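Worksheet: one structure, shown below.
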Amino acid sequence: MTSDPFFHPVSGMDLPRYAGIPTFMRLPLVQPGDARFEEVEIGLVGVPWDSGTTNRPGPRQLRDASTMIRAEHGHFGIRPFEAAACADLGDVGPNPADIQDSMARITAFYDQIVAAGIRPLTGGGDHLCSLPVLRALGRAKPLGMVHFDSHTDLWDSYFGGFKYTHGTPFRRAVEEGLLDPKRIVQIGIRGPMYDQEDRDFAKAEGIRIIPIEEFHARGVADVMGEAREIVGTEPTYVSYDIDFVDPTFAPGTGTPEIGGPNSYQALQVVRELMGLNIAGADLVEVSPPFDTSGGTAFLGVTIMFELLCAMVGQGK
Amino acid sequence: MTSDPFFHPVSGMDLPRYAGIPTFMRLPLVQPGDARFEEVEIGLVGVPWDSGTTNRPGPRQLRDASTMIRAEHGHFGIRPFEAAACADLGDVGPNPADIQDSMARITAFYDQIVAAGIRPLTGGGDHLCSLPVLRALGRAKPLGMVHFDSHTDLWDSYFGGFKYTHGTPFRRAVEEGLLDPKRIVQIGIRGPMYDQEDRDFAKAEGIRIIPIEEFHARGVADVMGEAREIVGTEPTYVSYDIDFVDPTFAPGTGTPEIGGPNSYQALQVVRELMGLNIAGADLVEVSPPFDTSGGTAFLGVTIMFELLCAMVGQGK
Amino acid sequence: MTSDPFFHPVSGMDLPRYAGIPTFMRLPLVQPGDARFEEVEIGLVGVPWDSGTTNRPGPRQLRDASTMIRAEHGHFGIRPFEAAACADLGDVGPNPADIQDSMARITAFYDQIVAAGIRPLTGGGDHLCSLPVLRALGRAKPLGMVHFDSHTDLWDSYFGGFKYTHGTPFRRAVEEGLLDPKRIVQIGIRGPMYDQEDRDFAKAEGIRIIPIEEFHARGVADVMGEAREIVGTEPTYVSYDIDFVDPTFAPGTGTPEIGGPNSYQALQVVRELMGLNIAGADLVEVSPPFDTSGGTAFLGVTIMFELLCAMVGQGK
Amino acid sequence: MTSDPFFHPVSGMDLPRYAGIPTFMRLPLVQPGDARFEEVEIGLVGVPWDSGTTNRPGPRQLRDASTMIRAEHGHFGIRPFEAAACADLGDVGPNPADIQDSMARITAFYDQIVAAGIRPLTGGGDHLCSLPVLRALGRAKPLGMVHFDSHTDLWDSYFGGFKYTHGTPFRRAVEEGLLDPKRIVQIGIRGPMYDQEDRDFAKAEGIRIIPIEEFHARGVADVMGEAREIVGTEPTYVSYDIDFVDPTFAPGTGTPEIGGPNSYQALQVVRELMGLNIAGADLVEVSPPFDTSGGTAFLGVTIMFELLCAMVGQGK
Amino acid sequence: MTSDPFFHPVSGMDLPRYAGIPTFMRLPLVQPGDARFEEVEIGLVGVPWDSGTTNRPGPRQLRDASTMIRAEHGHFGIRPFEAAACADLGDVGPNPADIQDSMARITAFYDQIVAAGIRPLTGGGDHLCSLPVLRALGRAKPLGMVHFDSHTDLWDSYFGGFKYTHGTPFRRAVEEGLLDPKRIVQIGIRGPMYDQEDRDFAKAEGIRIIPIEEFHARGVADVMGEAREIVGTEPTYVSYDIDFVDPTFAPGTGTPEIGGPNSYQALQVVRELMGLNIAGADLVEVSPPFDTSGGTAFLGVTIMFELLCAMVGQGK
Amino acid sequence: MTSDPFFHPVSGMDLPRYAGIPTFMRLPLVQPGDARFEEVEIGLVGVPWDSGTTNRPGPRQLRDASTMIRAEHGHFGIRPFEAAACADLGDVGPNPADIQDSMARITAFYDQIVAAGIRPLTGGGDHLCSLPVLRALGRAKPLGMVHFDSHTDLWDSYFGGFKYTHGTPFRRAVEEGLLDPKRIVQIGIRGPMYDQEDRDFAKAEGIRIIPIEEFHARGVADVMGEAREIVGTEPTYVSYDIDFVDPTFAPGTGTPEIGGPNSYQALQVVRELMGLNIAGADLVEVSPPFDTSGGTAFLGVTIMFELLCAMVGQGK
């Protein structure tokens, strides 16, 4: 709990939302090495790393859109910036020319975050980002995971054996012991498939997949009740791929699949996480070149605000 | 009831929809001072006034889109242009450099409309436009109001005490006695909030707020039944902020909030107004710079057509 | 049933989806006169003919988007490219300067397809395309039709007696005996109307119209159950106008109407066709100039994939 | 010469440029049959007719952009709206389904203009529009023509013998005796060619073609001096295809060719027409679907303003 | 001269240009009150204030684009970030609801800059911004000014007497004694005019106007030689309105005029300022809603880099 | 010389340009292994490989735009498709997850081309593509090179030692003996620089750099005369980076630099290559996500057509 105004975002009542350097949700920028870094409780991090980046990465557009976020959750009445010391921790610098080096840089950055006792809320970047983050968060003990996506990201390899793409991170994370497959639930899976290989892996490991047809038939509350049971009270990671949402509501992404949830459901699923033990969360796969109106980035940061409220409200 | 072809819109069967000067719904342009001004029963007015206008105001884009509207309501079978003498009354000229002067010009224009016995249907412009319109319509007696929006617009002031912005019009209107707060219902309120000040005012004055969570839970028919009871049979104003609708369906607006109604619900709520005593209506906050595909303007004019049918059909 | 790899699409696991000449769903291009033309069972055809074409026709954008389609239906598990020999048959060349000549060229092309025993799946093009296609398919015996659209396309004429526009094809098809009106069902009709003339024709001929209000009230399963009964087990054509879908989900079309189905429903209605005797199908009215983000083309090809699965799975 | 304020455009000093119904240059709308039609000296006409029209025709976008035009020519000091009675004569309604009928309607409209002694300044529409206009203007006696374009539009036919497309109007006009080929000059011709057939016709008839390479080598003043000599002092038509200008400066057109004049040269060539005997002029081939930023329409109306000044200043 | 790496921008060789919080040219953010504020020699400031702002102000887009700027001037070899201590001073917070209050806030901010001995390089915002900046810089003694623009901005008033708009700042500045009219040169003036009132004022005060026709005829070097003579060796302000440049090269602005310089000339005119005594400079009127591709912002920051080099190199 | 109609492109007179599968310039698709592969003389190849590819690669957009190219060069009268057997050889499939593997695949593909005696004209893809192409073409003997670009692409490494990016290909090519540095000329270099390292390398190796300031001062003919002398009569490669052209004319690229040639000069420099001994050529760095209007792709294929004519006309 913090009443220190240093950690409160700038209000749109005082400074118009379009003025000022855009940090996440207009929070202070507190980077590793800064004096107050150790005081941060929840850190918002950008990982502008994407095999398809064309000089318009996700974090910058997410930060721009996040200046529209205000101080209080309209439904729960939570005021997250008072409930926890939040800060923008800046971006991790990737190496666009080397995937392994980029992953090493990301893990090193998150090791500092873990060491400082900060829980990270990440804005990506593509879904491969989750792997190096989990290498820092899940090293001590495998985490559970609530995973919103239209793809399982459990493929073994692409293009003749290549193991690290945005279609493979969670297979690697399970293999490396960073995630406990029995405590993974994947929600919203859909679309034309290559074959059954990813789902065979899930079945063998005990990962629960809830396809979109089941999601639409059962509804948010029922599905999320099952998800809460699967991950239980142990530390859990939340990974939210924006392509979980129907591409009309979130066009700014690289591998859309028709027929997902609408924007209201996109928020409701996060609200149902309230009370879980959230060790960290990410919102990934926002791709500005496909987000010509900026609406996907705005949806993305609204989801990040819901995730933040869920992280703050977890004792409730 | 008019069978005078002067007041009938040009048909797309006769002249392609993209030809001709774009008036609202291809109606005749009849401005104050014109010979037949007194014969008009329902006047469509543009108020191209917006603190964020960048030479692409709402009314022009609404007029362009409105050329797609045809003569008959598909569901009710109403033919509004035969049922009442409708005309495009032109635009009110604002003063982009002075808010008070702009409001005075708008009220003066609407005084002429009221004096001629015309009921106005306004295309804005931002939401502050509603205040000078209400100064003409509600002067004699406070009106009730059905208000569709994601914001209450009941704030006291912005930027250190400034009283006239698009976040404050209805607080002013209540204070000035133009609206009867007991007969106001606000539907669709949502999104991150600054604080509770607007809702405290509503509670103190007896204004009924129906947040979006309640709207989605109860459904259109139930919510609108309550709205009809609140405003009753006395004269009522309808104010429709396009940001009531989810921003995926209506991206062309300045302060969107995620999670609103879809486009079908956006029309259904207006259909439920049939039979009310509607003194005037507006459709505001369409902002063309954010409406890159023109879809928001087209949704806006379709809502205006529904409003027009509700105004025409009110004896039913 | 084919295991001949010649008829299998290129996999995104082997060649990135953005590489290679874009044929429909990355299938082989097999045109009339080619050696293996007779082996094709289902042919995907482009008809880039549109009275509003501005050098950005539907088929090209559909082909580009179709490179995102994979090999297996996520819900049914159908692998259509193994179940039938599918190929891209190329485009029919229209004459942009002469409607009658264009229709003659299209019918001639489809006569070759019918002669080779190929069932066509067409990507348009505006809705007038369906008429010359039906002249090839329905010549022997009138077909039934499941027609998804927001308009009936049953008008008699436009602009003072002109009989061939995208508002008139099915009136002509009924008059020419290509369709059996008793076996036609039109789903999703809505929007402001000129008058009742099209619906009077439908009533007189026994065509069943299901307006959007009824669609939303009854739901997909109930409506489609009635549709299946209407067309029965005889050969049936499926004509899918993309403006059936709500324009927020499918903005890339010329005469949008507010309030249609969402993208999930857009797919579900096709899944309910499984088991019907489908003689051919089309997906029309995708208009790239209005599809600035490409999302409509992507929705369109996903619908084409569902149509393809329904054509393949019809014995089931 | 007119000081009648009825014929003066609304000033942006009085009413913001984005307010009001958009007529050409904010002039009064005076259509055939209106009381003051006979008083008009120069009439601005829209011809929204284009084989590639997708509900976004040129004249509407030109009118919108034209609200930026002010009262006085910055270089010459001419005040055209005081020097002549100018008015917007509205649009000619085409028949989108029939080219011959559309041409007949256009010629009939321009016959009224000619009968009233009005000189027309047309905003198209595609280049075929010029033919029916010339049928009204050149009927009495063949006109000379200064033609700015990247194409000669002198082809015989397209698509197997079709005689009326936007590649053929001036061949038809010469054949019909509406233009005097010895007094035609075509400036800016360039780009990859089908073959030499159009240039063979020009050579045979005595039409002077100035290709872009010669234009760039000689400069505006020299080339236009020759053009003035070719057309002489007899009545002359000016036809300005926006694709004369380099497509970077005028992307909003259907058949662009790389390497044309820049925007300053685009205006300078018109200024060099001052003093000619201009019987009418047009600005054609502005295609809004390709003009995503609106810059082409704005360039187009600025050229129309230059043409207007040249028409007004011709006695000088 | 500074070799302190604190004041050096982040290199794209170390961190990809799309990573990190976007400050101007990736410089440190040093705001009034910060420890090292007094050490800054040249401060880059954002003034996101624009009567047409729609939540997409100029400074944010300029900062984003400025991450593409590197360390060394390609032609002169100047390395400005080593030659002077440069920093991003942040944005001045305007009051969007009150022009007078906004101007007071801006002047107060620049008073701090002047007091700290910092020379400001401002990114706007609209052209009215220059007035409150000049109130801080020109208070002690009137400045000379090199003014690049297509408009004189010397009008007396708009909309019936309103004195403070983006068409009036320099008339006010001359009246208030902030600028010495004899040392003002305005370059690039063009376009249709209201009347001669602004040029009459210029003539009476001795302001030199170089219209675009003269600019194109004489060339950059000759015109700029005269400009250098006019302002002489005394302190001079440089005000660069992006609409000086032709709108094809700089479409992202609100009142474009056809026929200006190209992008190479846009840079060359600034290079010719090398050696002048520059007290401050601004780049204004970049309007992101019209800058759909971001090219105008990129041109704007490249001009700012040239201005910075001219400010650094002035002893040369 | 070929009169075989198999190798002639489809004419727009026969089939509208927007119909048919888009191959380069509507040529036949003849891939390695096809029967007539050995007959091809000039092969157009796509290399959709770009570190910033977001599912919108250059070759697909280039092919789409290339359907506008006609049969005859307007200025030279060359008919290249009759003068040589030209074909579209398809795309090389890259491995988006591995740069070294991608380069190996490209070289292997071009080895087949070289073996068949085909001269390649490549559409990229980013500039690193040129390196694996040169490994096939320059293996036997170092080539000369005419290089149009705003960057030298002679850097040693990025991001801490990474040797293969689009800023390093020609340093690698010189080091590997694929290019003869004494016969390299680089034209158009400009923009803010990191430092002098690339130019130091050029000086040491004898590479001639012509910066943009020199280009504008001397003009096309003079500069290209020197270029012709530098490369002489021996086999020469032409590498054309689209960012050579000013970004207003070619916005669709990733690292634009202000102040380059206009589109007319962009073509003229290629025309001056006529008569050289061209072993192959490429047009690279077209990036569709930045090419929102498609104008850059159209400029790119027009340049490719000029390159093709230069390759065909080299004996002249």
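To keep things simple, chains are lettered A, B, C, D, E and F as they appear, and every chain counts its residues starting from 1.
As a working rule, a contact is a pair of C-beta atoms (placed from the backbone, for glycine too) under 8 Å apart; a residue touches a chain by one contact, two chains touch by 3 or more.
Here is each chain with its UniProt name: A, B, C, D, E, F = Agmatinase.
All figures in this text were calculated on a predicted structure; none of them were measured in a lab.
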| item | value |
| --- | --- |
| Separation of subunit C (Agmatinase) from subunit B (Agmatinase) in steps, with touching chains one step apart | 1 |
| Over-half contact-pair match to B-C, picked out of the listed pairs A-C, B-E or A-F | A-C |
| Distance-maximising chain from subunit A (Agmatinase) - centres being C-alpha averages | D |
| Distance between chain centroids, defined by C-alpha means - subunit C (Agmatinase), subunit F (Agmatinase) (Å) | 40 |
| Centroid spacing, where centroids are CA-atom means, of subunit B (Agmatinase) and subunit F (Agmatinase) in whole angstrom | 56 |
| Of all residues in subunit D (Agmatinase), the ones touching two or more other chains | 14, 16, 53, 55-56, 96, 158-160, 248, 262, 290, 292 |
| Chain-level touch network, classified as line, ring, star, complete or other | other |
| Touching residues on subunit F (Agmatinase), where the partner in the complex is subunit C (Agmatinase) | 14-23, 29, 46, 48, 53, 55-57, 59-60, 63-64, 88, 90-94, 96 |
| Residue numbers on subunit E (Agmatinase) that touch subunit F (Agmatinase), as the complex places them | 11-14, 16, 68-75, 248-249, 262-264, 266-267, 292-293, 295, 298-299, 302, 305 |
| Complex interface listing, subunit C (Agmatinase) residues touching subunit D (Agmatinase) | 51-56, 95-99, 101, 158-160, 162, 164-165, 254, 287, 289-290, 292 |
| Subunit A (Agmatinase)-touching residues of subunit B (Agmatinase), taken from the complex the two chains share | 158-160, 189-196, 211-213, 216, 246-248, 251, 255-256, 258-260, 262, 290, 292 |
